[in-house]
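Chains: A, B and C, in written order; residue numbering restarts at 1 for each.
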Amino acid sequence: MVRIMAVVTLTTDFGGHYAGIMKGVLKRMAPQVDVIDLSHDIEAWDVRSAAFVMLSSYSYFPEGTVHVAVVDPGVGSGRRALAIKTRRYSFVGPDNGVLSPAAEEDGVEEVFEITNREFMLQQVSSTFQGRDVFAPTAAAIASGRRISDAGNRVEEWERLVFGRSVGKGHAECEVVYRDRFGNLTLSLRGDDVNLSGEAELQVGGRPFRATAIRTFSDLEEGLGLLVGSAGFYEVVVNRGSAQAVTGAAVGSRVSIRW
Amino acid sequence: MVRIMAVVTLTTDFGGHYAGIMKGVLKRMAPQVDVIDLSHDIEAWDVRSAAFVMLSSYSYFPEGTVHVAVVDPGVGSGRRALAIKTRRYSFVGPDNGVLSPAAEEDGVEEVFEITNREFMLQQVSSTFQGRDVFAPTAAAIASGRRISDAGNRVEEWERLVFGRSVGKGHAECEVVYRDRFGNLTLSLRGDDVNLSGEAELQVGGRPFRATAIRTFSDLEEGLGLLVGSAGFYEVVVNRGSAQAVTGAAVGSRVSIRW
Amino acid sequence: MVRIMAVVTLTTDFGGHYAGIMKGVLKRMAPQVDVIDLSHDIEAWDVRSAAFVMLSSYSYFPEGTVHVAVVDPGVGSGRRALAIKTRRYSFVGPDNGVLSPAAEEDGVEEVFEITNREFMLQQVSSTFQGRDVFAPTAAAIASGRRISDAGNRVEEWERLVFGRSVGKGHAECEVVYRDRFGNLTLSLRGDDVNLSGEAELQVGGRPFRATAIRTFSDLEEGLGLLVGSAGFYEVVVNRGSAQAVTGAAVGSRVSIRW
């Protein structure tokens, strides 16, 4: 007998008890499920940060994990609810791009619009589909129901791309995440370019100098550029906040010359 | 053999590691228990918000769940500790009203004052009864001990009512919850009155106009009034904060004319 | 057959999704493990507060629990990673003192430097050893691997002592923790001295008067001194913030005369 013990992760911009309610729904419908909070610290309606959080986290979880994201400024407006089967995982959330970077990196196999009422609570509100649609769908998948039962297969869905361009001696990218220390993650990957020495930065139009380093303690003063734990370049300050120094926010344009 | 695998939820105003310590106690006394954070974001000593959080969440959990609330400004002052058996759940917490709206909605069967030392840690502090009394009691109930062993049955206990009155063309109510988006939940239920079109609001004595809507995206500008996911009216702003617009707080009086 | 179901606790200064990633690693390597958040509210790089959180929490968890702390300002700089076997628990974290007060109170048996690559992810970053070293090590220990396989035994490691001195009619100590209510925990234990009546305080050089009390509600006004739930004296205000009144922070020197 195989005992199903799937992991479900939650990434939301909720705060408060809303994630707790989703866990109640999951536990009621799939008692053996193991619910893990990935993050509930996402800024309200910040789809891009949530997409980056999922991208940098999903692959550390056991194969078969169901990753749920509910950052959903369009709830109730007719945007679709999606269930995505990728090579090793499932993803559940609104069709606004939040699932796209992680799902596409893992390899999308099939995308379904959630329309089957058996994948929802009996009453579906127009403001809390995390509780009424996404948690029940995750519970169904984690309990072994086929994801293809969720609804019709979808060919077109919303993709979110973290833009970047790399040329000889320069790169253009954007800030995709800010952590609580004020480190600024860029859409430039460590695989894109191997920086060393000094570089010139433009962050939101303002000029800075930064030193390419391997880790925080290599930096004596000023701004550093290092390949962070997610494989992306980060603008950092040793024991300080790069956000405070640069004034940047998620979405700020960054150009680098070296 | 029935394997007991009860869920215990925690709602506190703690922050920090205090909820973590309660989980340690629960795991030590009832290893199979599944502890779920309902909310630890309650404002310090805000019994009313905690009561609303429990009211709007409890019924989504599996039957038999033990719901624990520790928002306890009177800790150490002699207020009683309660264990309540309702139709489908158990509730554990201080006798200050925090358990009352949820327990009464589900249907109270019996209320006990926790006095049995077997339902407490060996040493009971005067400042952290969440650890010393409420977690051990929840562990005992979740492990299958009879709730009636907790102590003597109580007839009188503190009730908290979210006041409202509804007349022809007007209603008086109060703000019972504010979420992180600044949405203001009122004590007026969607079942009380079916609003449509425009309404006049008085919030904390200041006049506003609001539009009755079904969901956030129906609102072009200004304040909206919608029946939120908990079944109560909420004053909202689409992608903005109704709290910032109105200056209201939990407990503010609200009157509506239509 | 003994079913291993160890508890692993996490104490970090991360915020965001970093703790979630650690849980993914733990679940992938040790599916039966029960991961409990002790605290992720530690101020950035505040090793002392994290050490106090562990000290005041560890003993409430089941015997055999693996306690992990990742407050790690020196990550990537060559500071060692430790796995400590104490009388009843294991502790995993950086060699910066964060594990020391709790481990020493429980009774240190052996200390190992984590160098075995089987106790790490395949790729070890220089900025996120919580994911790459500490979570895999905790998973290995929780799965039943011998802690002595983690690496070489260490004799010298960093100890952190919460300093205090007690004389006739006076004591010198420091603030070791501030909770969300603004209560200030001191390094003075209830066992050190039995205060009653009035006392003179110097907090960060400023003079105050405080009343020794048993619990919050004994205090009519001003500052109180009580033995808190962790067994240490706390400077408190009834339904107010002692931090706001005194201007103190973690690390502030406090002297008491009575």
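Assume a contact is a pair of C-beta atoms (placed from the backbone, for glycine too) under 8 Å apart; a residue touches a chain by one contact, two chains touch by 3 or more.
Remember, predicted model here, so these are calculated numbers, not experimental data.
> Quick one: compare the interface residues of chain A with those of chain B and tell me same or different, with half as the dividing line.
Counting which numbers both chains contribute, under half are shared, so the two copies meet through different residues.
> Given that chain A is a copy of chain C, what angle of rotation, in degrees and a multiple of 5, matches their CA positions?
120
> Starting from the mean Cα coordinates of chain A and chain B, work out the distance between those two points in Å.
The computed centroid separation for chain A versus chain B comes out at 30 Å.
> At which residue positions does chain C touch at least two other chains?
Within chain C, no residue contacts more than one other chain.
> Report the residues of chain B in contact with chain C in the complex, numbered from low to high.
Touch residues, chain B against chain C: 14-18, 20-21, 23-25, 27-28, 31, 35, 44-45, 73-77, 125-128, 131-132.
> Using the touch definition from the top, list the residues of chain A that touch chain C in their complex.
5, 7, 9, 11, 34, 36-39, 41, 53, 56-57, 60-62, 65, 179-181, 214-218, 226, 228-229, 239
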